[in-house]
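Consider the two complexes below, in which chain A is the common component and chain B and chain C are the respective partners.
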Partner chain A sequence: MVETGHFALVLAFALSLVQFVLPLVGARTGDARLMATAGPVAVTGFAMTAISFAALTVAYMLSDFSVLNVVENSHSQKPMLYKITGTWGNHEGSMLLWVLILTFFGALVASFGRNLPATLRANVLAIQGLIGSAFFLFIIATSNPFVRVSPAPIEGQDLNPILQDVGLAIHPPLLYLGYVGFSVCFSFAIAALIEGRIDAAWARWVRPWTLAAWIFLTGGIAMGSYWAYYELGWGGFWFWDPVENASFMPWLAGTALLHSAIVMERRSALKIWTLLLAIMAFSLSLLGTFLVRSGVLTSVHAFATDPARGVFILMILVFFIGGALMLFAWRAQTLTPGGIFAPISREGALVLNNLFLSTAVTTVLVGTLYPLVLESITGEKISVGEPFFNLTFGPLMVPLLLAVPFGPLLAWKRADLWAASQRLVFAFGGAVLVMLVTYSFVDRASVLAAFGIGLGTWLVLGAITDLATKSGLGSVSPGIALRRFAGLPRSAYGTALAHLGVGLTTLGVVGVMSLQTEHILTMKPGESVPVAGYEIRFEGLQPYRGPNYTEDQGRFLLMDSSGRTLTEIVSAKRFYPARQMPTTEAGIATRGVSQVYVALGDAVDGGGIVVRIWWKPLVTLIWLGCVVMMVGGSLSLLDRRLRIGAPAKRRKRLAAAEATA
Partner chain B sequence: MMKRKRKRLTIIAGGLTFLGAAAGLTFYALGEKSSYFYMPADLTTASIAPGQRIRLGGLVEEGSVERGSGTRVAFGVEDGAGKVKVVYDGILPDLFREGQGVVTEGTLGGDGVFVADSVLAKHDETYMPKEVADSLKAQGVWQPE
Partner chain C sequence: MTAVLRPLLAAFLVALAVAMSGGFARAVLPDEVLDDPALEERARELSSHLRCLVCQNQSIDDSNAELARDLRVLVRERLVAGDTNEEVIDFVVSRYGEFVLLKPRMNLRNLALWATPLVVIGAGAVFLLTRRRRRAGPGDRLSADEEARLGKILEEADRPG
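Showing the complex of A and B:
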């Protein structure tokens, strides 16, 4: 079984080379048969990678300790879910997941791109093949998950306990679907450069892929953030850790790309810029892969560090980013530039969005890479953390978020800013009201906190205003407005929901950052402490035995001010004997959109235990907002105008309807 | 035509001003808000302004951990060539142990005691904070596990 997987992996590598060479030559010489090989080869390559991945998964499920990778990262007593997710909870397995998703996207392009121009489709798949072959070679040469070990040990070394969590089942696959999804945009951009032709139709083909990648990346980042929040026991949702930044940069670039592709699709403008963004989004994904996989960083994500791997990925990185940018510099001027337009217009607003987002990417990039560059030049070690990003990223986001509600209300070509402002009067009034209420009635709310809450409200109300305006609420009767609302294109809901989600996330971030309270104290059983209007009583510690760990569970009762018990909170110190490693299992109680977060510290002399309790107001909105953004993105993706080949389907449906009529 | 040209110039000038401001802010923030990493041995020679945030890394000295009242704790951080007393008020990370690598962040007081506001230990038993490992290797006191 393991050998089958190994063999399939090598076959997939060979197929990726075929997928690169044949269609590229075919597109160059105009040979239809060569170009036609791209599709079937891409699908077969995906099948081979899937077989390879399945073989490794089975080795994990059966705890096959003759495979080195399984020995190093699994344990026979681990629950089945973590045996399966352990497949990608290590360097080798996660790279295999990476190429699995890459070939999956290749197969999708092959299946859904049937009505793309033949040469474009061949070139896109060829570039996908080239990316694939580089990473297959990397896996086979430096990170082969199928290496055997003899004699096989009786027991494995277990997976890092921090990774033994459902989060591992969801976070990496979603993140990779996002990262790697941008490879399709990249391939489309390179194909356009090779052909020297780019038009509005190109943007229409690229946008669904960008959107899909963006949706997954949003989910992946949100999931990672929530996982870190409850698993690491620090109660933080974002640390500006280089690895987090590595996933955030492609997200920012992808968001910019989504917006600029709209301009290109509708107005044939910003062509070259959009092309560059498509290249940058995937380049930043590659940079993320390099930062995480090369071990140059200190992070929970850096599993094993091996200089050879770092150099190999760096070479892949330089090859693709350098190659793409060189091709861009060489070919971009041959592309026909798009039109120009008035600054106050929908496209003007989208350019503003791009200006802010791309500057934000640059700031995050500088903050992430500066310590690495400085250390390699001067040997000085510095850390660039939250204070840096708060000072640079924050000021960039505020004007951008303030401008968001205006964007969708502006018309294409030439818009009336005054008219848009009038429509936003209610949203503005509402935001100011919330701001004043927050400042006057919420304890400890600073001016900045009140402003932040007002900003979030402004975004939420702005998104609602957008939908209300598009339905004609106020200018037509409510009945007609309701009907118009129901008839709005899905992409209109998509935009509004995505912007609403940004508002919710903003509210959550501001709520936690400026209004949370922290209590660190020593508690003995029976003692209680008031937290944010609740009473928390410590009931005592109880030992508990899990499948591959032991833990001391601290039981707490959450009571309202009158002493009525609302819920029980269990917070634990867990110990994994296989790795001799303790972890903190935080106890969390959700009240509305806020949470009470309890983490246990060390026991002190005299029978008490150190307890850390946070009141995290609005915290769940951070991730809820991301879910709303994903729903918005999905609605947009389902918009018929965006689907490739949709007109053909509609014609067919019409024809069918006529036939039955 | 003239008007259009001027409009375009205004936009370009605006964009450049914006980028300049962003770049300025970034460099200011890099200078002000990044913290340097030191080992205990470096502290005797380094000139650190009072109140400047730094990161201090090393090994937790054996037998040095003293628990005060509540959540206050004091411990020594050493690197073979020097040691510094660190005080911290909070919960220590799960993997904080005597003789193990640690990175603390905070400010150095006038009395030579380091006041930490965050303490990071290594993430698992095979892993040592990278800065600490590199520095220990450079000083020749690194013992691979």
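Showing the complex of A and C:
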């Protein structure tokens, strides 16, 4: 079985080379038969990669300790779920997942891209093949997961305890679906450059892939954030760590791409810029892969450095980013500029969005790389941490978020800002009201906190205003408005929901950053402490034995002010004997959208234990907002105009959408 | 374990656990907390801006390492002795170097770092404005293609809705 997987991996590498060369030559010479090889080869390549991945997964499930990778990352006592997820809980396996997803997207393009022009389809799949071959070679040459060990040890070294969590089942696959999804946009951009032709249809073909990648990346980042929140034990949700930045930069670039692609699709403007963004989104994904895999960062992630791998990925990075940008510089001039528009217009608003998002990407990029560059040039070591990003990224987001509700209310080409402002008067009034209420009635709310809450409210109400306006509420009778609302194109709901999600996330971030309270104390059984209007009583510690760990469970009762028990909170300190490693399992109770977060510290003399309790107001909105964004993105993805083979209705819908816009 | 790399955030989680070796949760211990709440708040604020030198990319406020504890206690001692925030920072930097600052100083060496957001957004705005002016300039002739498109745009604009 293991050898089958190994063999399939090598075959997949060979197929990716074929997928690169034949269609490219075919598109160049106009040979339809050569171009037609792309589809079947891409699908077969995916099948081979899937077989290879399945073989490794089976080795993990059966605890086949003759495979070095399994020995290093698994244990026979581990629950089955973590045996399976352990497949990608390590470098080799995660790279295999990376190429699995890459070939998966290739197969999707091959299957769903039948209506693409033949040469474009061939070129896109050829570029996918080239990316694939680089990474297959990387895996086979430096990170082969199928290496055997002889004699086989009797027991494995176990998966790192912190990874033994459902988070590992969800977070990396989602993140990779996002990262690698941008490779399709990249391939489309390169194919367009090779052909020297790009138009609104190109944007329409690229948009679903961008949306899909963006949805997955949003989910991946949100899941990672929530995982860190409950697993690390102090309730932080974002650390501005280089590895987080590595996933955040493609997200920002992808968000910019989503918006500029709309302009290109509707108005065939911003072509060159959209092309550049498509290249940048995937380049930043590759940069992220390099930063994480090479160990070049002086960060917590750099604990495992292997120069051979680092140099290899750096070469891949230079080849693809450098090559793409050179091709771009060479060919972009040949592309014709598109439609013109006034600064106050939907296009203008989307350009503003792109300006701020690009600046944000650059800021995060420079902040992440600056210490590395400075050290390699001058030898001086400095740190760029959370305070820097809060001070630079934060202010960049404020004007952008303030402008968001205006965008969808502006007409294409030339718009009336005053009319849009009038429509937003309720949203504005509501936001100001919430701001004043927060400032006056919420304990310890600073001006900044009140402003932030107001900003989030503004976004939420702005999104609702958008839908209400598009339904004609106020200008037509409620019945007609309701019917119009039901008949809105899905992309209109998508936009509104995505913007609403941004508002919710903003509320969550502001709430927890500016209004959380913290209690650090030593508690003995029976003692209680007041937290944000609740009483928390420590009941005592109990030992518990899990399948491959032991733990001390601290039991707490959450009570309201009158002493009625609302719920029990269990917070534990776990110990995994296989790796001799402790972990913390925070106890969390959700009240509305806020949470009480309890973490155990060390025991002290005299029977007490150090307890840290946080009241985290609005915290769940951070991730709930991301989910709403994903739902919005999915609705947009389901919009009729992006679906294939519905041209007649699509035109009608489009006209309707423009009439209401 | 060092022979293996982890996927993205997973790596982050593991390494943090390793860095915290043996410790859990946020690091400030009850016995460190100062009696004066205003002073304690300043201490927390300062701590969150100082890097724990043995565990990477964590502030001393978050870290459980011995050295971080020493530094936290040191910060509090200086505060109790009556130092201003700047004096405390200067004192810590004189001992451990600027690497200890999570917020790099705004000086000439870090100019490129701090100026990036302003320069990029400024350059972007200037580019957009000048390009617009060039387009709108009197010497700018429309191509036949653009004329046709303009005709279409005007036609569409004339339509109600």
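The rule is short, and it goes like this: the second predicted complex is superposed on the first by the 639 of 661 C-alpha atoms of A that agree within 3 Å, B and C clash if a C-alpha of one lies under 4 Å from a C-alpha of the other, contacts with A are read in each partner's own complex, and residues count from 1 in each chain.
Note that contacts are C-beta pairs under 8 Å (C-beta built on N, C-alpha and C of every residue); 3 or more make two chains touch, one makes a residue touch a chain.
Owing to the predicted nature of the structure, the values given are computational and were not obtained by experimental measurement.
Touch criterion met: A:G233 reaches chain B and chain C at once.
In the superposition on chain A, A:R266 makes contact with neither chain B nor chain C. One of chain B and chain C touches more residues of chain A, and that partner is C.
In the overlay built on the shared chain, the residue A:R197 is in contact with neither chain B nor chain C.
Contact with both chain B and chain C is seen for A:P343 once the two complexes are overlaid on the shared chain.
By the document's definition of touching, of the two partners only chain C reaches A:H171; chain B does not. Legend: residue contacts after superposition of the two complexes on their common chain; A:Q580 is shown touching chain B, with no touch to chain C. Once the two complexes are laid over each other on the shared chain, residue contacts for A:A599 go to chain B and to chain C alike. When both complexes are aligned on chain A by C-alpha atoms, chain A residues 160-162, 233, 298, 300, 340, 343, 355, 359, 362-363, 366-367, 370, 380-385, 387-388, 391-392, 395-396, 520-522, 573, 579, 581-584, 599, 601-602, 610, 612 touch chain B in the first and chain C in the second. Chain contact summary for the complex, chain C toward chain A: residues 1-19, 22-26, 28-30, 33, 48-49, 51, 55-59, 62, 97-104, 109-110, 112-114, 116-117, 120-121, 124-125, 128, 132, 135, 145-146, 149-150, 153, 156-157, 161. For chain A in complex with chain B, the touching residues are 160-162, 233, 297-298, 300, 340, 343, 355, 359, 362-363, 366-367, 370-371, 380-385, 387-388, 391-392, 395-396, 520-522, 573, 579-584, 599, 601-602, 604-605, 610, 612.
Within the complex formed with chain A, the residues of chain B that make contact are 7-8, 11, 15, 18-19, 22, 25-26, 28-30, 32-37, 53, 55, 67, 70-71, 89-92, 94-95, 105, 123-125, 129-131, 134. Within the complex formed with chain C, the chain A residues making contact are 72-73, 88-91, 94, 97, 157, 160-163, 168, 171-172, 175-176, 224, 227-228, 231-234, 236, 239, 241-244, 246-247, 288, 292-293, 295, 298-304, 306, 309, 336, 339-340, 343, 351, 355-356, 358-359, 362-363, 366-367, 370, 374, 378, 380-388, 391-392, 395-396, 413-414, 518, 520-522, 573, 579, 581-584, 586, 599-602, 610, 612, 658-660.
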